[in-house]
């Protein structure tokens, strides 16, 4: 199973949308850099991300959330918060990594 | 009246959408670089661009169309095709230029 | 420089940290403040995230980049007092003005009363403000 | 290099000319062809525009950049024969396979019959193909 | 008419510099004045004289340099953006103890005030970026 | 596990190089091996030794260089991408008649084959870009 990385804001670019459309059930979606905004509750993207959680794992990089002032209390339920060490573990855990640039 | 420039594909980025939402009736929208794809008939964006033509002028840079293999016969009716010299004229004609990067 | 005052707008549409545009845009604003022009900043789309409160970075724990958000708080002292924030951009992101930094300036025409610099505006208002500009610097 | 053959995928999601990614991606593919790995190219989103027919640039009239699209026609000679094009990306752009360059290769397992390299695939097919990859190079 | 141009991206990676070049050339052909071209963000990378593009490709830096010489263009590179990215002239290099410099002689390094001044002095400012 | 990393953007303009650095450091901390870090596209700009970031900002090039020295990392810059963008080592500069070079000694210039080889040899390849 692939670990898909998304580093772009879903409001600005189509990377997250394409990633969700083209990733298999059981795969992982890793949000970093400006991609972390997709992890927040209350946005126009929250429903799509919540739906993705029904058959995929979604992760968000906490240092990128903190830099951007995003409160971890407002991260969508079910998204796993990890630091860089956790990012490394995930890359090792999944069979390969696919970046949606 | 402003000349708004859009150099990004509407499929990839939100620049064209924001530009259309935040430009006044009577202003100009200039499509260049990857923005020229928005000028083509038959895309999921064609209706929005056609609607914009009802109260705005829309221009497309022909050398960018040619480079990308886009047939000028398939440019949406009402969009004005210009070269770099025409681009210069438009910048002079409108009161100021606003880039949607 | 010369007698004429032009309307300068800085259009910010990108999130901070992911790219350098927000930071380097702010550097232009600070330098530009010395030129006594009529300055406005617009925060549209992901640009509204530039003003998010509680931005936190530390060199050794975190993304390793400098938190430059305190600089926005200095804008009032530079007489940069018109920060227009697009309401629809805020709403699409589930944000309200309470999630943004409380930026203020002292109004010299009103006995130095402290007033908010951030002005949340509708699309229509913002469209009108943009259309009046002489120079738009986009980031 | 070594005995193992890995599945390499080049994921192309950006339009040509506006940025260099398409051109420099192709340079990697050409070099990579010498390594005898199992190579696939995926064209998704604006990446499908890379294969558009009739791309035309001239140095003194036009955008002043080199038309590099003929290089895609050489891929068959490098045994790069699997170019997967996302059907929904084509459709969203009002394109069909007839708007793309007619890329072919000679199938050595089938008496060198000339066959199309471009394979328009559904999202589901492409998702499965991507999930089998060992290495994904994204541009 | 008097134009000013701002370029926010480096050569080759984005089309911005190419588009700006074609715009400036067309403006000059029409008899307009180019007050200044200001290179900001990664745009400062347009000023490196060390570039060696492939034989069959355009040489973006040389093209700017030739146009500047022909029309006495004022090509200004933002000093802060340039220092961050390793673009230095002889003066900056020696002041900062660097053993080499890389800026082409057709470009000059200066501050952001030059961009604001261009906005004030020119009739139109056009921004090319990503 | 053996990781390879590809970096597609230059320093400061995009976060890619920062994210890659933090990833690599965390991987090393966990005892993983970094087979190679390959700099492509504008990523080649990470290799310039002429950078002078502001005092209160991180020095991206120096940070890579220090990490490379500490862990004997193989930092490879694509020669074709580098030449286009004006990134040269002493050898490339003299072969091409350029009067200066700007690549930090911790990086080496090589071909795209090094990227493919990294994909083959490493257990995982991670791409950081725009």
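The chains carry the letters A, B, C, D, E and F, assigned in the order they are written, with residues numbered from 1 in each.
Here is the rule we use: a contact is a pair of C-beta atoms (placed from the backbone, for glycine too) under 8 Å apart; a residue touches a chain by one contact, two chains touch by 3 or more.
Because the structure is a prediction, the values reported are computed rather than measured.
Asker: Pick the pair with more C-beta contacts: D-E or B-E?
Answerer: B-E
Asker: Relative to chain D, which chain's C-alpha centre is the most remote?
Answerer: C
Asker: Taking each chain's centre as the mean of its C-alpha atoms, which one ends up farthest from the centre of chain F?
Answerer: B
Asker: State, to the nearest whole Å, the distance from the C-alpha centre of chain B to the C-alpha centre of chain C.
Answerer: Here the centre of chain C sits 27 Å away from the centre of chain B.
Asker: Between chain E and chain F, what is the separation of their C-alpha centroids in Å?
Answerer: 26
Asker: At what distance in angstrom does the C-alpha mean of chain D lie from that of chain C?
Answerer: Distance between chain centres: 42 Å.
Asker: Could you give the separation in Å between the centres of chain A and chain B, each centre being the mean of its C-alpha atoms?
Answerer: Using C-alpha averages as centres, the distance is 33 Å.
Asker: Mind pulling the residue numbers of chain C that touch at least two other chains?
Answerer: 13-14, 17-21, 45, 63, 65, 134-136, 138-139
Asker: Using the touch rule from the top of the page, what residues of chain F touch 2 or more other chains?
Answerer: 8, 12-13, 15, 19, 22, 41, 57, 80, 125, 127, 129-130
Asker: List, in ascending order, every residue of chain B touching at least 2 other chains.
Answerer: As it turns out, chain B has residues touching two or more other chains at 7, 11-12, 14, 33-34, 63, 96-97, 99, 101.
Asker: Which of the chains are touching one another, listed as pairs?
Answerer: Contacting pairs: A-B, A-C, A-D, A-F, B-C, B-D, B-E, C-E, C-F, D-E, D-F, E-F.
Asker: Write out the stretch or stretches of chain F touching chain C in their complex.
Answerer: Listed in rising order, the residues of chain F that touch chain C are 12-15, 18-19, 21-22, 56-58, 130.
Asker: Over in the complex, which chain C residues touch chain A? Could you list them?
Answerer: Going by the criterion above, the answer is residues 13-19, 45-46, 49, 52-57, 61-63, 65, 67, 69, 92-95.
Asker: Quick check on the complex: what are the chain E residues that touch chain F?
Answerer: Those residues of chain E that touch chain F are 10-13, 41-42, 45, 48-54, 57, 61, 80, 83-88, 92-93, 96, 98, 100-102.
Asker: Quick check on the complex: what are the chain C residues that touch chain F?
Answerer: 17-20, 59, 63-66
Asker: Give the list of chain F residues in touch with chain D in this complex.
Answerer: The touching residues are 6, 8, 40-41, 80-81, 111-113, 115-117, 119-121, 125, 127, 129.
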